[in-house]
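Note sheet for the following structure.
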């Protein structure tokens, strides 16, 4: 049986998911909705899906699942609507910028027994999965300290910053989820610092572009997150986990792995300069996992609760920086 | 206008090409032929192509091009038939194990003005392409010495060795083509050694499993090729080019790029263990280049002449090892 | 003119300094003092120095300088005595475990116009020096974020922990100094966490064995320090500095740089397992710099004030962890 | 008992050996001879050795050993004289440019029961020693293929080329010795090519500046040597050994191991630009081994016979290139 899927939001990430569905024989993209008609039409043409309204998709009993790639402020509403409609839901992070709203949404999902998966794509990156597998296989003993370096090639436009919810809810949220994925224990406290080093405009909007955070679990496991909105050498995504028996790390990915040596030294090309090319395999794998969850009737992971936890950590980070305190996570 | 393509041979490499066609909007796989009916049927089902006989494909005026993935001893005949039929031809290497037969085939192609591209997939590997681009951009000055390390994870079965034409025509042939691709000047001489270090059965069949060759051009540019049928750590594919201003090299590719550090040291996982996973991108890119050549009516590259040159080098290598001499290439 | 030097303390670090002096033609080790007679005698025999008491060294007008490698609790007294005696002083870190006592000592040094250099050997590591040079040469633009990973191969014995002053004054103190060396601006705040993950005995003594700290300067530059008393793969000493135009990093050093590849992957040997073998070149270079300072009558660097600053940061770290607050550094 | 040593030849390599002796407590440099009086005087002053004539050194019964660093054309004579005089001899490679003369010298040494060690310093490089140890420990199984890349930063002056004996006797000779050190079986044949790509003057003198050689043993083990007189990125010295169970390799050494990442990519500094800085540790270790051999009355290694074998391989290489044949080594 083929799982029929509708895509809500036909922007750049919507296109990525449409492609992933097209390459998975177990599913078919049957509908696409977007406020921008040409965007929806383009995906429809490329995939054979129908352009439909969100209402029509909701009403269509033959559609099994939706993938939500619309603006953040619509996520919680759409999750609730489609969970109530009995459809499986995959939603891009975050559930909402407001943790209370997100929690209310999660309550609805629980009530109606909805199947909701959150788009923390990095959990599906083959390299990060291999890090996690090394931990699970006991190859580094007990996890003690996680180090996450996560830096964008360059800052987003001010327009985006305004609606992003701030660096912690927009960018670090992936790192919070990764920390939870690797630490093997819930995070109890957050401390750290943040500042504006890249673009003063970001500071004028009340946000930061550079942050260093320290997370700790109840048993004392630690995680350091280093974020910047600018890395001249590309999209910098590294992970290292120290355990009692050793460490495991995932290096950056490069589009080409050549090296030129001359009188000035040995030079390798810069990293990927865009998250979509860096995480191509991860995007495909997360959609595959979503279909798995539907086909096998298993709990989706990462879940909406994972989304809540990451949001709570973002809130704690905001307070830690502002109040200059180590914040206990609720 | 969409290019219509037929696939001759539905084995493992045929499947790879079928997938590449499916992902390229400019082309459509319309037919597949194979002596093994289930193999053809499987690809037909996955792609919507029709199962047809080779005769029917030849006769079908609506088919623009064929991709030949049948056994080596059929290549020359099929190239001639389909070139005469006015269809564009993509053929896996080699043209034939016998250089005279291959030359005759190339003559026919020339006579009828056929479009024939040879399947030297490595020319399309993004990393090797970047090596070539660095040379073309003048980043290492004049090319002086090329080093190619090319080792299989393990030896093929004796059955395969028997029909392979020997290590130089089967395995080194890719390296000969790569040497020509990088040296920027035709190869004038071949010398070297070969022996049986991996599997005595290979020796009993009159073949070698380990070889070290030195190629030279008229102006004195040099190339070293190191081949083995066994590399315990995976499919080892490295290239380095020394020039007057420096060098450029392409490192091995790995399925996952993690590293585990413990009391025994720092360990990264083995390489790819199969040429198809190593060269996934290259296979797609060569089919794309074939379609480019048809769409834009440009000369296909690598051409059947490139196939002849690689075969001539293989013959020279056989003689160099047997006669213990530096052999001038015809 | 040859600078004559006396060594106070003939332990393992004393031996390292004695060797450095022996290899520098501009200086001569003329005296050695140690409460353990055999230790002093061994160095005396190896170098031709005389075994003397500390009092006799102080009284000997022909001795130009002293190198203090005695237990920490004697440092401040000895610095004061020999500064008053008009001798140049090189002292191992820290000045004292108590910042007030250290400050008083620095006051004395200032009063008497003493020449005192502190033993922050890592500033002289050729790799870290190259990191600093890259910054000074403008190759990474403005410094924004420093990352220091500093992990010991294994925890010291409980006996040592008791007198060490705690992880921040004993181990992190080097990282505090390195942070100041690289940030280009004084550190204004410290936050972070620490815990006992390696050895419960360390916790029972009121100390930590694992720590993650975040430092920030007034302008918002940040530094992350990751410390552990245990790294199964060796003595882990890495530095990375992110700037507006790029980053510069110093990798770990290895005793041998071979790599073995087999069916289990690619393995490089572990790191150095001891700080003395890791920092061999740095130890020699710092003594050379001390002699430079004497010969050229230039201000010694790192100075006793650098020692005070590092101590103040250690105190701030203790408070940050205990009070769960971001601590402003005095 | 301290071994007393005289140094014959006070050039740059003589200075290196003098320093090694000074740092080894088991030996003392007591005499130095050189046709250039100031050179001898400089080393004498630095070490406390006496300036003496070669005759006087020969006659001095209190001198245990000599280190010969004089021009190549004096090596064989001096080895014979000092072997007859009953002194242990360490001699820089080669024994002589003429293999017959070298063989006669070896005969004399054998007759008089002399102790002669040859200066193939690379055998003592810690990284290459670790490669050999990995082989000896069975970590890569049976040795099959050795790859040696050995390239100088830039060509020597024409004056040097004239007296060097040609690239194979001057430069490749080290690689021949290393091949023997690693192959575990004598080399039976040599083939390959050589040309002039770097400096036409070298060609006018009848020599080559670029060479690719293939060596083979009787059982079929293979070795590839890649030589160039120019590598813009520094002194390139790499070794890789493929065995039945895997491979072991030694990477290049770098003066500093930093990496700068910016918009142009990731850049590490060039390699060492001089063999003396690259092989500092090896030079010290070979002198230490020489002293070991004297102290423990064990056979010196590498021996004069090792010197003969390397010379014979150089002769074979000259013929292989000139006669365009695979040459059997006598």
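For this structure, a couple of remarks:
A, B, C and D label the chains in the order they appear, each numbered from 1.
In this text, a residue touches a chain if its C-beta (ideal position, glycine included) is under 8 Å from a C-beta of that chain, and two chains touch if they have at least 3 such contacts.
Small disclaimer: the values here were computed from a predicted structure and weren't measured.
Across the two candidate interfaces, C-D and B-D, the one carrying more C-beta contacts is B-D.
More than half of the contact pairs of A-B, counted by residue number, reappear in one of B-C, C-D or A-C; that pair is C-D. Centre to centre, using the average C-alpha position, chain A and chain D are separated by 57 Å.
Centre-to-centre, using mean CA coordinates, chain B is 41 Å away from chain D. Taken residue by residue, chain A touches two or more other chains at 232-233, 245-247, 261-263, 269, whereas all remaining positions touch fewer. Those residues of chain B whose C-beta lies close enough to touch chain C in the complex are 231-233, 261-270. Chain A contributes residues 141-142, 144-145, 147, 149, 151, 189, 191-193, 195-198, 210-214, 216, 219-224, 226, 228, 230-233, 242, 244-247, 320, 324-326 to its touches with chain C in the complex.
Chain C makes touch with chain D in their complex at residues 126-127, 130-131, 134, 139-140, 245-251, 253, 255-263, 269.
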